[in-house]
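Before I ask anything, here is the structure I am working with.
So that you can tell them apart, the chains are marked A, B, C, D and E in the order they are listed, and the count of residues begins at 1 in each.
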Amino acid sequence: MTTVALSEPRKSGHLLRNIGFAALPALILLWSLADLTLGRELVEWLPYLASGFLMNVVISLSAMTLGTVVGTVFGILQLVPYRPVRYPVVAYVQAFRNAPHLVLIFATTYIFPFEIVVFGNYLPFPDWLKAVIGLAIPASAYVAEITRGAILSIPTTQWEAAKGLGFSRSQALRWIILPQCLRRSLPPWMNILASITMGTSLASLVGVHELLHAATDASTAVRRLDFTIIAYIVVMAAFFTLCYPIARLTRRLERRFNAGSRI
Amino acid sequence: MNMKTDDAIVRLEDVHLSFGQTEVLRGIDLTVNRGNAVSIIGPSGSGKSTILRCINALVTPQRGRITVGGTRVDQLATESERIALRKRVGIVFQQYNLFPHLTVLDNIVLAPTRILGVARGEAEKLARELLEKVRLSEKASAYPGQLSGGQQQRVAIARALAMKPELVLFDEVTSALDPETVGEVLWVIRDLIRDGMTSILVTHEMRFAEEISDTVVFTENGRIVDDGSPEEIFHAFDNPRIRQFVGGLAGGRGMERGEGI
Amino acid sequence: MNMKTDDAIVRLEDVHLSFGQTEVLRGIDLTVNRGNAVSIIGPSGSGKSTILRCINALVTPQRGRITVGGTRVDQLATESERIALRKRVGIVFQQYNLFPHLTVLDNIVLAPTRILGVARGEAEKLARELLEKVRLSEKASAYPGQLSGGQQQRVAIARALAMKPELVLFDEVTSALDPETVGEVLWVIRDLIRDGMTSILVTHEMRFAEEISDTVVFTENGRIVDDGSPEEIFHAFDNPRIRQFVGGLAGGRGMERGEGI
Amino acid sequence: MWDSGITSLFVDLTNRLGLNYEFLATGYEAEIWRDGFITTLYLIALLIPVSLIAGLLFAACLTSGRLWLSAPVRVFVEITRNTPTLVQLMFSFLVLNTFVSNLVGGAQNNPLTPFFWVVAVVGLHIAALHAEAIRAGIEAVPASTVEAARGIGFSKLQILRYVEIPLAFRASLPAIVNNLINLVKLTTVGNAIAVSEITYASIMVWTQRDNVVSLMIVILLFFSLINLVVARVGLWAERKLAVPGYGL
Amino acid sequence: DATLDRIKARGALTVGVILSGAPFGYIDPTSQTQKGYNLDIAKALADDLGVKLETVTVTPPNRVQFLQQGKVDILIANMQYTEDRAKVLDWVPTPYDRSGGAAVGRKDSGLKDWADLKGKPVCVSQGSNYTQPLIEQYGAEVKGLPSQPESLLALQGGNCVVAVHVGATLGLLLQDRPEDWKDYAILFPTELIPSDSVIWVRKGEKETAEALDKTIRQLHTSGKLLEFAKANRLSNTEYLEQERKTLSASK
């Protein structure tokens, strides 16, 4: 039955997926055309919104890249037999996974200066970098847990087989265990990516001009109720456009790892 | 078949091992000389697979000494020491344990390239030779999930042999094979032994044990009950327990009847 | 041994099946009468396991008819029809496929309680009886990950038998077992056949096949090459291919030599 | 519930540390702030079971192999996790809720409170995340194990119930705990539609008093504590459910 | 002192502004620049110091942090004088505006006075300083929404009977968008707690505060502030006119 589920909606599914992709933009377009004054306002504001969204893209992709790399390493270290290594990592994961993103991002404004002085020049410490760090930390904690879970769900016999061939622990991880983990950790990884991306709207807290804040600015300035609503839809469409292709990509990857590789 | 040097490559002395409450090995003594083939036979659950896993340092006994080619296996403290051992000692698992995410060829090639640093091309050449020997050339690019039981088992054999180990531990490597293929595998192993490889084989196939071994060891309940040349074990039958065990298929009721093939 | 009624319970006619490009079955014809035991022998990869999976509707052939007790298996359209079939047809897999998250007892009890609606107590009683028969009473609360290969295999046998099927498909159920235990399993199955159960067995153990079967079928390359009584297949040797196959262990080089046991 | 003597002592002590909790001594701010804790806890207690049950249902639909079950859930999963929950919530409350109000003839007849919308939006959002995690687990169940269950005569639903979900749940427990921890944090979006949970209360206070740091510390401690409990329970379940034969 | 030196050294005055809507602060879409009364004041202050103006958008949770950290030099961010704030920050004594809250609601709501709000749901922006009097004085049930647009949407969705915001903002809104708001009006004649908006500086930066205070007074007496207010269409300029008179007189 699982194999059926994997090759899931083929033809009609394809159509469905693309409808999913186009639905929100189509709604925005239709509405703007139906009420041209609204459409004009929207067109006027789009560059401002787009400039905000650029920050969301940059922050979310950087935070997630950083978080994935660090998190994978930490996930592995959580299973290391040496306590002096394991305990600090476990503590890190617990502390930063549990803390609200709001607090973590806010804390970065305290930890990092707003500018650094290099040879008498004031170099601003970019706000977006603070947001990246503030989000990469929880992302890494989440990824670490996912990685740990995936490693623990691989049958012991695979480790034995690897060891029996003379693989060291790290080689076995690299060549045998982690590749098998990939498939089962892709969907939860995508969950994290989505959560972290949505978390980028907290970046306004450190002074980043991002989409949600930009949309509020726009609504405040335009002072039209229908504009406020369409601004929400634009925000949703923008985030969807950012995340959905990645979600699709992960599902395609999942399917590729699946090819014949199941005993 | 006995033109081999007579130094012990494997020696187990009074090896005891428990999993939690279950006592699995209760004092195993076993010596295997270089270039020999030793078969371990015995009832299911008597600890045969566990003996092999001890020798390869996959489990550590609670008591006793294990020496493999001069190395005290039970005292290996670091992982790198264990790895050094395992490079010399191959193992084929009873349940194959192939890597499901790799094709047959990659399953075989992975260890030589990653661990021994053999060039990919060379490793592939050897892998294809081995696949040829176990008659699986046409399955090189299949995944384990697409193979029949016997095919998986043969891949597992090829995977272990690709590391060119001095000592190979075979855990019921012919269980999923038909007599004809067993015969072929027998010849492959025999050739390797002739080239100086030592091997320990766990098997339920008495014919196979007889054909291949210099010594046969009979285990029961975590102890070695008897050992000797195949001749002694299978034909002299001075041990009634072994007589009963080997004749088991005839149900103990009529060894006489079962002279069949 | 032939005091059985002679109606066919299983009939395969011209069954063809491919996995993608690989043609696995190329026209299988097979009839099994109620209360009989039929053994399928043949080289590794010749499609034996696949035949069993067809009979149990786990795979659907591309061509041909499969009838099991009046049901056209190849035409079953809905899952519930297939389930109805499978309740009557048990299968023991070559690689056991126990449920790793359940204890031995729960593995056996799960299906009778959940599918047949047998009361837990009753199902447990039967399960313990079966475990007794396969000599595993003391492992009732172990998990599959804690069992030796042969122990797992015996649990798989007990699991299938707990459903009290009319027809059981055994896929190399003695591969991980020592001769003695094989003998015991042989008696268990024989008893059940005496009670009216039909069975189809894939096996590489010629002695076992000979002991248990009414008919032996030889497959090669997805075709049935020969069939007949064990006597005909194993001793008359009118088919040189089978002669070679069965004598395989002696390496084809010296049937003469290998008269061993 | 908070003796005024203790309160003033607390305010004094924290003041010496440079923190400002003076609002605790005054009327409405202290009250909404204390209510905030209770509302947050209540939300969490309600949301955890809601998300788990809905998540299992979603996962079952996703892996059912039936298009009419999997496609709608798929669409929902992709929309809910790829758009900001905050906006979904505002949209639901400010737009959908108004629709509902109009349907039932005025806001006074509308039974749907902001609290309801938080539970619905956040609960289903996390359910979608659970569903993806469990789906990954289900698809990682070896085909041979599923085949064994089929061969014995289990129906699809029974396989799901007795084989796939138990195995998948074990494998994806860390991911599910991740989601639950996320859920705890996500209850804070309630502030956007004036559900008076703890961040809402804090925002109300800090915009007036600019004592953000003091309140952030409390938020940090409060959520860390709840999540510590969630994580501990998760770890306990993981150990409890562990079966031999997996992991290193 | 430090702030003044820094402003001089960098040649720029960095002002934290809040974009809570016209007429005080908002974004002009075509030029994508900040506009409004607060911005005009900021510009005037920078001109007076002879430096460039830089602005940073701030929000309630980060504004004090930004000021204390030095990311901004001063805050012109709708922050009224309160004793709490005075403990952590210093301020420019002369206010640049005085404003109070107005309540917008349906014309047919029948509400006549602030006291009629008792027990009724009232929408405000989160952290609005009208929360306290609404709750404590009038017993209203206050719902804080993230910002003014959401509050107004909630009002039109029937989630509250009135929305209370700065009078000037609401007046301008009803005036500019009569279509959307034809059923609505500013219900009560009086404004809720008219209070003084002041400029905030870091604690201890007395000199900066004094320097800025001089400029603000000057802007008052010269009529500049009134001019800014008119240009930005502040509805209630009573306070500014009065302040102009008293300050001019005291000179």
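Here are some notes:
We adopt the following convention: a residue touches a chain if its C-beta (ideal position, glycine included) is under 8 Å from a C-beta of that chain, and two chains touch if they have at least 3 such contacts.
Just so it is clear, the model here is predicted, and its values are computed rather than measured.
With steps allowed only between chains in touch, the distance from chain D over to chain E comes to 1. Chains joined by the most contact pairs: A-D. With each centre defined as the average position of its C-alpha atoms, the distance from chain A to chain C rounds to 50 Å.
Inter-chain centre distance (chain B to chain C, centres taken as mean C-alpha positions): 27 Å. The geometric centre of chain A is 18 Å away from that of chain D, both derived from CA atoms. Centroids of chain A and chain E (each the mean of its C-alpha atoms) stand 37 Å apart.
Shared interface positions of chain D, defined as residues touching 2 or more other chains, are 90, 94-95, 142-144, 150, 156, 170, 212-213, 245-246. Multi-chain contact residues, meaning those touching two or more other chains, occur in chain C at positions 95, 100, 145-146. Each of the following residues of chain E touches two or more other chains: 61-62, 65, 146, 150, 153, 156. Listing the residues of chain A that touch chain E in their complex gives 41, 44-45, 47-48, 51, 106, 109-110, 113-115, 122, 204-207, 209, 213, 216-225, 228-229. On the chain E side of its complex with chain A, the touching residues are 10, 19-22, 26-30, 32, 56-59, 61-62, 65-66, 69-71, 146-150, 152-153, 156, 173, 176-177, 180. Residues 53, 56, 58, 79-80, 82-83, 86-87, 90-91, 93, 95, 97-102, 110-111, 114-115, 142-146, 159-160, 163 of chain B are the ones touching chain A in the complex.
Residues 157-158, 160-169, 171, 175-176, 179-180, 257, 259-263 of chain A are the ones touching chain B in the complex. For chain E in complex with chain D, the touching residues are 60-65, 82, 84-85, 87-89, 123, 126-129, 131-132, 135-136, 143-146, 150, 153-154, 156-159.
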